[in-house]
Amino acid sequence: MSSSWGNSVRISIFGGSHTGAIGVNIEGLPAGESVDWPEVLAQMARRAPGQDKTATTRKESDEPRVLCGLLDGVTTGAPLCAVIENNNQRSKDYSQLKVLPRPGHADYTAEIKYGGHQDVRGGGHLSGRLTAPLVFAGSVARQILRRRRIIIGSHVLKVAGAKINDRPFDPVGASPELLSRLSGEYFPVIDPAARESMRRSIEEARLSLDSVGGVVECAVLGMPVGAGDPIFDGVENRVASIVFGIPAVKGVEFGAGFSVAGMRGSENNDPMYMSEDGSIRTRTNHSGGILGGISNGMPIIFRAALKPTPSISREQDTVNLTERAGTKLTITGRHDPCVVPRAAPAVEAAAAVAALDLLAQSRML
Amino acid sequence: MSSSWGNSVRISIFGGSHTGAIGVNIEGLPAGESVDWPEVLAQMARRAPGQDKTATTRKESDEPRVLCGLLDGVTTGAPLCAVIENNNQRSKDYSQLKVLPRPGHADYTAEIKYGGHQDVRGGGHLSGRLTAPLVFAGSVARQILRRRRIIIGSHVLKVAGAKINDRPFDPVGASPELLSRLSGEYFPVIDPAARESMRRSIEEARLSLDSVGGVVECAVLGMPVGAGDPIFDGVENRVASIVFGIPAVKGVEFGAGFSVAGMRGSENNDPMYMSEDGSIRTRTNHSGGILGGISNGMPIIFRAALKPTPSISREQDTVNLTERAGTKLTITGRHDPCVVPRAAPAVEAAAAVAALDLLAQSRML
Amino acid sequence: MSSSWGNSVRISIFGGSHTGAIGVNIEGLPAGESVDWPEVLAQMARRAPGQDKTATTRKESDEPRVLCGLLDGVTTGAPLCAVIENNNQRSKDYSQLKVLPRPGHADYTAEIKYGGHQDVRGGGHLSGRLTAPLVFAGSVARQILRRRRIIIGSHVLKVAGAKINDRPFDPVGASPELLSRLSGEYFPVIDPAARESMRRSIEEARLSLDSVGGVVECAVLGMPVGAGDPIFDGVENRVASIVFGIPAVKGVEFGAGFSVAGMRGSENNDPMYMSEDGSIRTRTNHSGGILGGISNGMPIIFRAALKPTPSISREQDTVNLTERAGTKLTITGRHDPCVVPRAAPAVEAAAAVAALDLLAQSRML
Amino acid sequence: MSSSWGNSVRISIFGGSHTGAIGVNIEGLPAGESVDWPEVLAQMARRAPGQDKTATTRKESDEPRVLCGLLDGVTTGAPLCAVIENNNQRSKDYSQLKVLPRPGHADYTAEIKYGGHQDVRGGGHLSGRLTAPLVFAGSVARQILRRRRIIIGSHVLKVAGAKINDRPFDPVGASPELLSRLSGEYFPVIDPAARESMRRSIEEARLSLDSVGGVVECAVLGMPVGAGDPIFDGVENRVASIVFGIPAVKGVEFGAGFSVAGMRGSENNDPMYMSEDGSIRTRTNHSGGILGGISNGMPIIFRAALKPTPSISREQDTVNLTERAGTKLTITGRHDPCVVPRAAPAVEAAAAVAALDLLAQSRML
């Protein structure tokens, strides 16, 4: 189902940018897992808008209310449903979106698909706001994973135009400490100097009424050997299918990713060795921790490319759907010049949900 | 389920490199669709090994036998199951793969996952040979799609080290004629000169006991507006989840893909206009024909990165799983120095199955 | 997933008897369907407790709040999520249920399954209260169906010990008018005299600190020929799998049902004929409107057997799970002496959701 | 998907009565499970036709060929696909079935559903012959279950008109020895005298050109406490949804089943006690071993009602679909006067597949 994801642990996301509430129902969680609430709120805060100039100034508390599934903060084994009220909807008129679709947005495709019945306010169900329930689900999943020594973190690897971008993860040496640090930050980077450079690029774009894209790199440490199933339920298939659920993602790659196209087998193959602790490891990690779709115990590394926010303040070419003729459109109102920093916690959340489900589907949970 | 894929039209792939047979069961096909057999065989032949020096010399007829689901060459609406006998298995001893896993292969991950019970012969169920049933399924799906004016084709965009790579698709102007031409070729390229350059690069790698990776670019023309569903069942999610089912794929990107990270919104947004035929189109196609996960009527364009064949003739570092100590391994026997040309029909097949299922799940079939 | 149901239109039920709220998320609804709110409330009221002496005296408004998926009362095509607050939880101590499981309840099975982490209050997620969100989903589904001339109704066919039970549906002649009348009643019966007899039987049981079971018979009129798919997704499979989701159901039968065991083929086969309106009908309807799992255009008729409420006021034998020894238990508090009348709207709701999903999965919606 | 069943262990059945072959693909089996081939063949033989006068005289070897998934008789963890060739198709002309649909068969419903493209020969994909691959899948599943001390057996409880029917299972005392005995028999009954009486009733029906229905009762012993999930994935839902996949089944009931309608709570509730071996048991077993959809450790008992074979030699009323007018039809050729004895192994197979999948979905495998 369109807005549900998961083979054995399933999340179902509901709501729209301006509906009464949004939320997520999580099925298949193991019973007896405690959920630390401040940690949930910390993850929600990382994604919430209004934190600095790189993001929309819409302010929302985004505090989830758990309707069911937790008892004294511990999972009961029954579905866990949480909702977030939409308190800050502006009452402006959105009806022009049905006539003048915004380039780069889903206004036109949704209009045709739903025969004009879709909720266009703020992008409706297709809004980036729907990453809030994803981050909630991920904040629960990552706590369950951490108890199994699986740690997830991400950073902003690139932002368009930045003179300095962030250092990539060391694919064989990324540490739990680094990931824990990153997973607590609003605009996570390995190298703080990169953040300043990126922020300047974003600000430049904003001042020129424009927006920029970027890349988030994510790592999952501690995944045991054997998660993922052949052919269509491998780690790559599952991670990609959930990460593409984050609006603006246009590419997903694992390990060496697209650079494999320029490599030889003798370079790309990761030599195996026995580590001092008796575990089997590889000296490089071009596989991104995945062979045959199955985790090999090395860090799982992937990157997601995010397009520039399509809402820009410049005049753009569109089509008047009523008159069926070309016309001009200027978008007003609040919007992020760059969604990449706020996308990082959503990418981590997607990775956490995917990792938990991969363990469950592989009968390793 | 691991080796099954599809929401409304589902393929289930079975078999291993050296099992009695391999095959695919297709459920949910509409009744009354004729299947042209020579066209099926032509697609199977494109993927079959032994065609030139870039590929393994293993020869197999790969002629599927349809067990059920077709009556006088027309779909009955019941499951269509086809099997391909494995006639050419060499009887060599594969048992060393359980002790000395090959770097870059799934030998180690499968050994742990299946507790030593997996079929290691030729890679078992994880073998690239399993793309044969996928190509069969795709050859049926693309015939059904063509009747609805949906055309699929791909080409080898890059092969490592080639001085000349192929021209990319014109994302707004790729023609059905070009796709039809490409989808009949063994080593499809837009620019024939590129093929020669690529072949030389592959041959160089082979002579140096090595292998190379590359990129396949695929286009789907004629997809009507409205296919794909929000969040997790969008076109990107669905196409990625099936394309990662092709062994060696390490990245999938749509439209401008990873290059969006270097673009501004004003560049990346595709301006909309009314075409002369009364349809709504975009002047560029950085979206790859997909907005909000939903097709917008423009060509759907995506690229898949394929890693170099892990089987190379050079000595490599591995681990002896019995002795739990590092050691050296030299792989002998036949293998492709580059799987990219043979992967192209598999990528097209995956796209065809995905497109058919997207139409069905969107209630447009 | 355990608490989700549906191939193409899916409902996910969440919550427990004493959680903050309960609810349902409905995915896959067609866009553009208006939902009449008074009709929704009327169905909720039929299921709500506290209406007469046959039911628990717990009073709840059970008014759902739609969080998303409706815009001006019309479906948007996005998930429709509705929640019902649990306002009337008594704060009594339920902890003894974890030590002294009630016979006929799921206390013991849940304790083992969830390792003691389940929510035992009022039966938790396994409570009959979870039929409220099912009735909500059904009230939406039946409005969509009615627009396609598909009408659903049920009646209480039997209640234990009643001297007079209700007349069964005329399997070839049940009228939309009858079904519409029944589907508006709290304790629906074809023959009002039967209701009085049944009520007396229920009251007798209540006075003797006991409870009674019964049978609900349900009919779906107007289902077009061709809904349902072979083998495992036939009408029987799908209807049974959702109806067994109503607590207390222990048997489901279609058409002649278990009585086929006493029939000959010449009796059971339904003779076909051309009706005056040009449609093909059968003179009898032992098939219950289903042949090969596929609807044949005749009324779909099925019956569900519901066990007596396991909560009775008499002393019963149980086991002390802590001491692991047999002991006695006397259950106190409110409970229905007979759930059958309140189950009728739940059975209709299940039938409505099933019918809508069958149409969708059969590509007939 | 219509012809697939299973949440975590999935079977996909393909083929038709007169296609080249029929078969089943089984996904999600655990690796390392040995499959005893003579036992598989013994189960296939129980279902095969031609064994006595109660069954059709069509003779088929029905020996499955395993294409993949077993290595030296042990599951590899990859899909296990087996096919059975259709050697004995009579070449008679079936085209009249498209014009003169047989009462009680799916000829008419399939004609409309598939627009005339369905395979009508021998019932096509809707033929009872498709229980052969189900029995194969069950024969594998029951071996895996037996290793976990779960035993399945069934018997013919009733056949229409028989003066003596079989004794029902003792719901608290059915022994593994009895089930093992029954599960090896062609026409399994607890009381051999009943079989003779039933055979006479069947023979009488056959001589009067008629057919009879009946009831199969099935028991699953040794299911651990905790299998099955709330609401829609409980034991009842799952067993019913697969058992209704056996042609001719019109009702399924668990434990006391429809008789609960005549019981009081004080009768129907099963008193709990500590058994001498330290396990918790119930003195009666009206629940059929299931509370809240979850197994409680008692025998799981269910019954399936099977209608009389619709193919009878008497003249019947049908409709000429071309002329759209009523007419008479006389069916010729081989057919069972009673499918109940041959249905018993299919019911057991369905129970075995369901039990294995329930364990897997409940993370107990």
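A few notes on this one:
Per-chain numbering from 1; labels A, B, C and D assigned in written order.
FYI, a contact is a pair of C-beta atoms (placed from the backbone, for glycine too) under 8 Å apart; a residue touches a chain by one contact, two chains touch by 3 or more.
For clarity, every value in this text was computed on a predicted model and none was experimentally measured.
Farthest chain from chain D, judged by C-alpha centroids: A. Pairs A-D and B-D differ in how many C-beta pairs touch across them, and the larger number is found at B-D. Here the CA centre of chain C is 26 Å from the CA centre of chain D.
In whole angstrom, the spacing between the mean C-alpha positions of chain B and chain C is 46.
Inter-chain spacing, taken between the CA centroids of chain A and chain D, is 46 Å. Mean C-alpha position of chain B lies 39 Å from that of chain D. Residue positions of chain B with contacts to 2 or more other chains are 1-4, 13, 78, 113, 125, 230. Residues of chain C that touch chain A in their complex: 1-4, 6, 10, 12-16, 19-23, 25, 27-28, 31-32, 65-69, 71, 74-81, 83, 113-119, 124-125. Interface of chain A with chain D (complex): residues 8, 78, 230, 360, 363, 365.
Every residue of chain C that touches chain D in the complex is listed here, in rising order: 1-5, 13, 101, 103-106, 108-110, 112-113, 125-126, 130, 158-161, 205, 210-215, 225-226, 229-234, 236-238, 240-242, 244-245, 247, 249-274, 278, 280, 282-283, 286-288, 291-296, 305-312, 314, 316-319, 321, 324-326, 362.
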